[in-house]
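What follows is a pair of complexes built around chain A, which joins chain B in one and chain C in the other.
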Partner chain A sequence: MVVKVKQWRLGVPRALFYYYYAPWWEAFFKALGAEVVVSPPTTREIMDLGISLAVAEACLPVKVFYGHAAWLAPRVEALFVPRLVSVEKKSFICPKLMGLPDMLRAAIKDCPLVIDATVDLSRRPEEGLRAAIRDTARAIGARGRQVERAGEIARARYWDWLARQQEQGREFSPGKKEGITPGGRPPLAVGLLGHNYLLHDHYLGMDIAGKVTRLGGRVILPENFAPELGEASCRRLPKRLYWTLGRKIMGAALHLMEQEEVAGLIHLTAFGCGPDSLVGDLAERYAHRRGKPFLLLTLDEHTGEAGVETRLEAFIDMLARRCPA
Partner chain B sequence: MTSIYLGIDVGSVSTNIIALDTDGNLIASVYLRTRGQPIPAIQEGLREIRATLGQEVTVAGVGTTGSGRGLAAVMTGADVVKNEITAHAVAASKVVPGVQTVLEIGGQDSKIIILRQGVVTDFAMNTVCAAGTGSFLDQQAARLGIPIEDFGRLALEARNPVRIAGRCAVFAESDMIHKQQQGHPLEDIVAGLCEAMVRNYLNNVGKGKEILPPVVFQGGVAANAGMRRAFSRALGTEVIVPEHYGVMGAYGAALLAREAGPKTSAFRGFELTERDFRTGGFECRGCANHCEVVELREENEVLARWGDRCGKWSNAVAV
Partner chain C sequence: MKVTFPHMGHLWLVLKAALTGIGLEVVVPPPCTRRTLELGVRHAPESACLPLKVNLGNFLEAQELGADTIIMAGGVGPCRIGYYSQVQGEILRDLGCAYEMIVFEPPDVHFSEVWDKIKYLNRRPWQEGVHGVIMAWLKACAVDALEQEVQRLRPREASSGMADAVFRRALQELDAAGSRREINRVVKEKKEELAALPRRPDVRVLRVGIVGEIYTVLEPLVNLDIEKRLGALGVEVVRGLFLSRWINDNLFKGLLPLPGHHPEKTAPPFLNHFVGGHGWESVGDTVTFARRGCDGVIQLAPLTCMPEIVAHSVMPAVQQATGIPVMTIYLDEQTGEAGLQTRLEAFVDMLRRQKGVKAG
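Let's turn to the complex of A and B:
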């Protein structure tokens, strides 16, 4: 029996895992003939909307997610909010994020259909991914060969995207002379750590990368080098970190602090983030042992830009005075 | 005519201005309350500095620091604009060469700066909470009816400082009231408060920092003898309070201006104390961010704007 697939108008909140899997998702839904509506970049209005809807205990990025979902709600037929339990073997996603679909349904008035296929790759990654793809497709009435093909297209797009980001890291290899600052010295390499949804959300994350660049730094992001490097560094820890996102950050931190040319590390965290509170402290201790300057910036909804700027300015000043050109 | 360098530190609670001679000696200093009005504070400060110097001077350079450094820089025409950490570190190194730890407690913030071989290697500032800063001491002194100037002296008279929870200003206050009701003498409570604040500072701001001597204690709170003693007890080392402890930020800013050595200073002249500066704010409706834009005007001319995330307003002003 051939089912005519409906043209869905799907909402994807520009928050949280959007910053990890956007190319995958968009390519997948488009290949299945759906229209994908992504909410606009975070603004104060979206953030305020999220804060008014979310439970007080949620971390700021989750609150912002609510804001994006609420912005989309009246504009789409369904929201895509996968329940991410695990994206790799024996590692997990934060429980607050696992519960997103349920919390959203409870918080948003006139909530449209929420497509919340479970993604659990913790035991059998291949099967888990297949099931997640199948369930997502089924929710919009697609099945069979077409879904497989869409999955392949999405996977290709995703890997391509990851490779391009690593490429960008290589473009700024330390030997290059471009971007000499007005002070006449090559920019200081600064490793910027944190969840993608903080680092790449310019409003929520206060565009730390831009600020560091304007202060004469050259930012290296976790996605600018092969993830295997971070994984390898993490293996030297006494115990395996089983929070996927936390381990990514820890791996990036360890890898970057081992690089001679990296002058210092900045870790951007969100107040109320459980894994961050542990990983951040752990990373700071390792950095301390290695003698690598480490700045921890914690964001919450009351964080003023002035305080962040003073800290960044003082940090870059310190790096510049420590390593004279 | 003598040449001087000016350092201006516009903080949340106080505005400090100092003048250096060309050899880097501090020749005049003014400490004023900002009272939420930085512009009149800066003007008043400059007027007083000029009066103290008592002669015509050429300003060879101006440095600004503190949370109002941007405003002060535009208003006065500064040559160097620096954050408080760098300014305080520079000043402490000048006064105590070889200093390895700087404890600074101001009105609404506190910081620790770690230096090694004269270079800042680590620092921390208090997070959102202002517990354990000057404002809290001020408030408690007022509540107890003690002039803040006598607070430290009173703490020194304590025999058995009581233990007060210093984590949070609100809880510390309830704890103090409770101790008062129980009948503990005032000096023991005051000394207990100093110890609680030091504990709080070392556990929060100083967490994980390697505090090595020489230790310099500066900022307005360093005036408090009770705090000085509490610090040296907790650290088990002598705590040095520099002569100009209250204006070290401004001192550092002036030193940085002198170090930069501009050929001609951008200083807009002491006449600016008589000019009419005004700030105004508006909410930009250009996008959903609704940035609160602030502008500084002199007469009818807009000198600077800030507060917008996109630069639409701040870049529109030709400086």
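Let's turn to the complex of A and C:
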């Protein structure tokens, strides 16, 4: 039986987990015949909009998410804001992600329908994922075989995308000597740690990767090496880290600080990020014990670009002095 | 082995009874003071939440008294409390403090993990250990019963501070009490003493519910004695969080027939999912207090507390639907007394005016 599905205009905010699951989501909704509207990259206006709507104590990425959602609200029929409780066994994302759909409804006036399917893979991953897909599809009136097929397409797209990212990483793999910079030395390898929604949002995250590259550094991002390497490093921790993203950051930090070629680590975080306040501190302690330079950059809505540039310059200068070519 | 633990309100009384009951030598950390906070703040990560910092101060002060083992609670997410012990352990290591840490938390693989820790700690025959734990539970219930009485009396007593003086003595006597009969005697005596206190005639008392993160609600150092301040302003404080209930909900899994939290019934449609910590309870309790006719609600949380930020974010919807005014106060080492006092006075003035309008 073919179910006639209404042509939905679905809004997907370009913030937070968009930077982790965008290909999945877009492919899924397109396969179901919905029109997906993604908000534009973050701008000052979007950020200010979010700051005016969110409670002052929320972290900057959540405020920016509010901004994107508010930008979309008058332009779409429904907002896709899944309630991300857990995306893998025995792990969580962050309490704020668990309450995000309710927070948006309380904050945005004339809020359109919010599709808030719960994604909870903490106990039974496969069933949890199936339920999440089913609930999401049902919210736009799709059922049955069609949903299964859309899920398959989305999954394929997503794996494809992940593989491509690692492919890119192989070009950067540590140890591989690259072109000589104008200064006449091989570029310093700098590990850049942080959540994807900070690292890849050029306005919010101030394009730290670009800045480091321009200063003569060679940036290594967490997704540029196989995730198993980070997971393996994390297994040595005395207690399992129960935040998925925290474990990604810690794994990347532990893996990179063991690489001889990596000159130093930069941890980019947002003020008020709960998991980062502990994970980052632990990573910094471990780095210090190994004698690996570690720079913590905390962003909030008052962070000035000049201040960040100065700190980066000083850090890179220091790294260059430590390891003369 | 000299064991210590972090402070949280009157928790020390309960833990001391339980741990001495199983035959351990206990070092109760000195009561929380500004020094405790400063010690913790100096060594803890800047943006960690406040309980981590104060606990760390407790451990450092307890070490000065000779403690060598820490017993504390953990968790498995999503709140940060579950990773406190790891971070604190590394900080203490970097400071050169040789502490052993025993963390009680839901087992990762098998229940035997918890059992092994209990076996490791227990120094007495099992019957005596169980007796100690029962004593601790009875003391928790006694403290909570008396505290509720004090909350009711504070706005009504003729000169402020009298009820608290009785309560302080009660805590000392409960601490010394060694049997069920003694505990019952203390409760009975002190209740009579409280009932006999001179009252102010014809006071119009406001009722304000306190919700929020358990540590900031229960620990007077970090909430700057907010309940006493409110009492002096003529406000009767009610709250949903008590030690005995928390122990019942978390350790006994709600087996005992005490009034528990049922956020799954009260919090929707404002907040439809558990969010870690006490965020869901905060929203649910606010709804409950509104239904019970409280005049206002104050939400307390440590700065950057994730679950409470979620609760805070949905409070506007709760206020709109139920009509109850809610004020959220974030606490950290920078919170000043004068600022807090001003906010409380303004809030209470506003409630009083609203009530006057409603009555007239």
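A few comments on the model shown:
As a convention for this text, the second predicted complex is superposed on the first by the 316 of 325 C-alpha atoms of A that agree within 3 Å, B and C clash if a C-alpha of one lies under 4 Å from a C-alpha of the other, contacts with A are read in each partner's own complex, and residues count from 1 in each chain.
FYI, a contact is a pair of C-beta atoms (placed from the backbone, for glycine too) under 8 Å apart; a residue touches a chain by one contact, two chains touch by 3 or more.
Everything quoted here is computed from the prediction, not taken from an experiment.
Chain B and chain C, once both complexes are superposed via chain A, fit side by side.
Using CA centres, the angle subtended at chain A by chain B and chain C is 80 degrees, rounded to a multiple of 10.
Looking at the shared chain after the overlay, A:298 reaches both chain B and chain C. By the touch criterion defined above, A:55 lies against chain C but remains apart from chain B after alignment on the C-alpha atoms of chain A.
Of the two partner chains placed by the overlay, only chain C lies in contact with A:103; chain B stays clear of it. When the two structures are aligned on the shared chain, A:94 is found in touch with chain C, with no touch to chain B.
Legend: residue contacts after superposition of the two complexes on their common chain; A:322 is shown touching chain B, with no touch to chain C.
Once chain A of one complex is fitted onto chain A of the other, the partner contacts of A:282 are limited to chain C, with no touch recorded for chain B.
Of all C-alpha pairs spanning chain B and chain C in the superposed arrangement, the closest lie 5 Å apart.
Comparing the two interfaces of chain A, the one with chain B and the one with chain C have residues 285, 298 in common.
For chain A in complex with chain B, the residues that touch the partner chain are 40, 43-46, 203, 207, 284-285, 288, 293, 298, 300, 302-303, 306-307, 310-311, 313-315, 317-318, 321-322. Chain contact summary for the complex, chain B toward chain A: residues 67, 82-86, 119-123, 125, 127-128, 208, 287-291, 309. Considering their complex, residues 54-55, 57-59, 83, 85, 90-96, 98-99, 101-103, 105-107, 116, 118, 237-243, 271-282, 285, 298 of chain A touch chain C. Chain contact summary for the complex, chain C toward chain A: residues 45-49, 52, 76-80, 82-87, 89-91, 94, 108, 270-277, 279, 303-307, 309-317, 328, 330.
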